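After this come two complexes, each holding chain A, first together with chain B and then together with chain C.
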Partner chain A sequence: MTGVHLRNLGIRYGQVEVLKGIDLDIPASEFIVLLGPSGCGKSTLLNAIAGLQDVAEGQILIGGHDMTNVEPKNRGIAMVFQSYALYPRMSVRGNLSFGLKVAKIAKPEIEKRVANVAKMLQIEPLLDRKPAELSGGQRQRVAIGRAVVRDAGVFLFDEPLSNLDAQLRSDLRVEIKRLHQRLKSTMVYVTHDQIEAMTLADRIVVMKDRIIQQQGPPDEIYNRPANTFVARFVGSPAMNFLDGAIGGGHAIIDRQAIPIAAAISAPLSDSRPVIVGIRPEDMTIHTDDSGSGLAVEIDVVEPMGPEKLVWCKQGDIGLSVKAPSSISVMPGDRVRLRLAEEKLHIFDKETGKRI
Partner chain B sequence: MFVRSPSSSRLQATLTLVPVAFVVLSVYVGGVLWAAGISFTRSSMLPNYRFAGLTQYINLFANARWQVSLGNMVLFASIFIPVTLLIGYSMAAMINRGVRGENALRTIYLYPFAMSFIVTGLVWRWLLDPNFGIADVARKLGFENASFDWIVNADMAIFTIIIAAVWHSAGLVMVVLLAGLRGVDDDLWKAIRIEGIPAWKAHLYIIVPSIGTSIATALVLMSLTVVRLFDVVVAMTGGGPGIATDVPAKFIIDHMFERQQVGLASAAATTLLLLVLAVAVPLLILKNHRKGGAR
Partner chain C sequence: MNPANAPARRNALAAPLSRVLVYLLLIVIAIVALLPLYVMIVTAFKSMEEIRSGTLLSLPRAFGFEHWWKAWNSACTGLRCEGLKVGFVNSFLITVPSVVLAIAAGAVTGYALSFWRVRFANVLFTVMLIGGFFPYQVLIYPLVRITSTVGLFNSLAGVIFVHVVFALPVVTLLFRNYFASIPIDLFKAARVDGAGYWRFFFSILLPMSVPMIAVAGILQVTFIWNDYIVGLVFGGINYAPMTVQLNNIVHSTYGEREYNVEMAATLLTSIIPLLVYFTSGRWFVRGVASGAVKG
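The block that comes next holds the complex of A and B.
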């Protein structure tokens, strides 16, 4: 089993620093997802691990060996790309076996591996077709097959599902997860899709502006985001943010005191300006006039089937709330939102960091 | 508001195309058909319409000069096309890898093509002149025995024309193929590196097949150069020594305008047309098939 370790990795394009001081430990067999918006450096980092990107400083260890300046083919890695990158004029069988032939692996061994992989990924009926005759989902299956057949210790995925439609994307997501459970290889997966990250990862690394913002298991990323960026980026719809201040163990928002659970408010000093974050599912809508909660006006109601997504206005701030589908509210209604006090996220107003 | 209906815009398009269609039909197609017709007559200095069956064709293929011309064209094509393709592809692949000074190199490579074939021919005639050209320079540099007389050697002169033509066309082929290479997905190159496929195998088995359309275009352009090969020959060797570097286009022009054998020239032109169609039609079919089939 092969772990990947990055030590103080820095990458430059000419004078421009693309990545700086990246330290990352990926234990063997872990499924790690690099998550971030486009331009955050996540693909560059993946390419550096693959050896497709020159490294200005630092070290890349794969399976305990220094691979910083080793050719990609000798790193013991396999890679799957967004655009599939299949060899266009070769059959599926040709695509799976070409790299192995070049590596001078014995023919019976190649045939055995191709047959195994084709069976595993259910692409046996496609073996004699050309990529042009396959659908997007089939092409990506073949591309995954081409990676698996290399028998590598580390798999690198560069946004493999981004070119597929929603249904196929969720099918292949499950497929990739199953693959990981079966092969137990180390997998490094780059995406900008937080759902892929949440569903696949053992550990998520959130990146922005060339640095790692937070790393941890999906539930930790979701429940304890380290800053407002992570909080906004993970979760759909995004977390709601309200400006406020602290007063007597409460968050004062728009002159209303919102109670905060003691565990969260303990480190907070009075009258400190903060950003209060709350996820859409952690608020409830109340139409009675008991007076407690945040006064808002209903803006738009989106029925989603099992639930309704209710968009409210609090001044010029929009808030999204997930409500049971049984709720009956109309645009223009004035209601009160109660915020689950143990689910509040308090961020520093200046730095955006979690307090 | 006046909304243009589809049928009126189609009418407009048709009307716009009528003059061009008229010119194409009357001048090109009409001219070709007329020449083909003349090739079956006894026409000599002026066209006449006395039917002569295949006499002109029989005379044509018995003509030693035509045999040499045709042989030269085949020899020229069989060296010029692969060599130009190879050099053009190598230059395109090199530039595509992102060398320093790409723009300058591209300009330098394409520069010969900006020159007319006549100028190309003259330049190479001087360069290869055994008394005053490169050979002379070499002698002056101290290589006393340097001599390079291909251009005046009946057996080798055709190769000097091939050299000049390759020099002239390689840049154009490079530009066409570079456009194709630029369309190759970056991820494909990455996949090739990850799998450790050696460069020549990657080019031969993966990259070249995926730019089939560009290669077909380059082949069509080079085939055209082969068929209309005329000016560079006139400028470099005038078809000589003797008839050693004669080519079909020169044969046709000479017989049409100087030797006053319009019928024979037309038979040669028609033969040439059939040869062109035999080469170009399969290429065009291949090209369109690829365009429709891929992706």
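The block that comes next holds the complex of A and C.
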């Protein structure tokens, strides 16, 4: 089994420093997702692992061997691209077997491997078709097949589902997860879609502005985001943020004292300006006039089936709340929001870092 | 007027009228363009007697093929009287290798400039394009010196070399821009699959480039077949192309001018480019359009 280790990796385009000092350890068989907005450097990092991007400094180890200056074909990797990148003049069979032919593998062996992969991915009926005759989902299946057939220790995925519609995307997401369970290969998956990251990853690496912001298992990223960027980027709808200050173990927001669980408030000093984050599902709407909680006005109500998404206004700040579908509120209603005190996220106002 | 059905009425009435005008205009332009060709064709079949009578536009009274045969087989070009067939063979010997080599060199150069981030690729490409903008009469003398220094002057290889040099900028431009429209992921996928420089070029890129090869082929076949000056200067007597021989037939200054033979010779000379255009127009349009669409 093959692990991937990046040591102090730096990449430059001419004089422009694109990535600098990247350290990342990917144990064998792990499914790791590089998550971030476009331009954060995640694809560049993936290309560097693949050997398609020159590295200015640092080291890339794959399976314990220094692969920093090794040709892509000799790195023991396989790659799947957003645009599928199937060879247009070759049949599906030709696409699957091309890499094996280049590697001069014996013909019966090629046929056996292609047949196995075609069966595994249910693309057997498509083997003699050209890529132009396939749908988007079928094309990406073939592209995944072309990666699997290489029998590589490491799979690299570059936003493989971004060109597909929603239904196909979730189908193929499950397919990729099943593939990982079956092959137990190391997988490095680049995406800007936090749902893909949450559902697929053993570990998520969140990147922004070419810097790794946080890495950890999905529930840690979700429940303990390291800064306001990670908090906002992961989760749908995004976490709500309120400006406030600390006072006597409470968060003072809009002159109202919001209680904070003791475990969270312990390291906080009084009157420190902070950003209070709370996820939509960690607030409850109360129509009674008991007086506690944040006073807001209902703006828009979106019924989602099992629940309702309620958008509220607190001054000019918008807040989203997930409420049970049984709730009956109307736009314009004045209600109170109670924040689950143990689910509050407190960030430094200056740096945006979690306290 | 009821505004709701005004557009419909206007279409019903105005469309035929404007269409008639368009067709009328097209027919007039076609006549103007084709009239010289018509005169050439009928003259080539007429006897000299009939030509002298001055009936330029009338159909020939009898179709005579002997002028065609003479133009092909025994018309005098300078001192030799072997007709155009020698030039036809020469033009073939010049055109086929020139076109093949120009496309091969242009495709490989365009490939190197687009997919392999060659150092100074843009500078190289710019220099090449500037070279393409020079009127090539300016370059004749330096090229004569170069070819005579390396011993290619007055030879078939010399003519082919000069044609390839002149074709390289435009063919490279065609291929480079076509390749630039191909997604880079395809190149990356092939690299991961282990394809090197030539493997990617021959196994993946070239099969995708058939439309562009057709375009470059059509352009170069017509250009090189129709060339006069390069063949005249670099081919010497032994490798004078058909165009040079045609000129020698038409511009002979002694005796009676045999218009029917001259017209037949001209038509014979232009038959290859005409055939290329008629049979491959479809490919030409497809290839020119395919550069614009990703695929």
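Basically, the second predicted complex is superposed on the first by the 355 of 355 C-alpha atoms of A that agree within 3 Å, B and C clash if a C-alpha of one lies under 4 Å from a C-alpha of the other, contacts with A are read in each partner's own complex, and residues count from 1 in each chain.
Methods note: a contact is a pair of C-beta atoms (placed from the backbone, for glycine too) under 8 Å apart; a residue touches a chain by one contact, two chains touch by 3 or more.
Here the structure is a predicted model, which is why all the values come from computation and not from measurement.
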Superposition on chain A - do chain B and chain C clash or fit: clash
Which superposed partner A:172 touches (first chain B, second chain C, both, neither): neither
Which superposed partner A:126 touches (first chain B, second chain C, both, neither): neither
Contacts of A:99 with chain B and chain C, given as first, second, both or neither: both
Partner chain in contact with A:72 - chain B first, chain C second, else both or neither: both
Touched partner set for A:81, first chain B, second chain C, both or neither: both
Partner chain in contact with A:89 - chain B first, chain C second, else both or neither: both
Set of chain A residues, in rising order, touched by both chain B and chain C: 47, 50-52, 71-73, 77-79, 81-85, 87-90, 98-99, 102-103, 146, 150, 158
Parts of chain A lying in touch with chain C, wherever the complex brings them together: 47, 50-52, 71-73, 77-79, 81-90, 98-99, 102-103, 143, 146, 150, 158
Residues of chain B defined as touching chain A within the complex: 185, 187-188, 190-191, 193-198, 201, 205-206, 209-210, 212, 293-295
Residues of chain A that touch chain B when the two form their complex: 47, 50-52, 71-74, 77-79, 81-85, 87-90, 98-99, 102-103, 132, 146, 150, 158
In the complex, chain C residues that touch chain A: 183, 185-186, 188-195, 199, 203-204, 207-208, 295
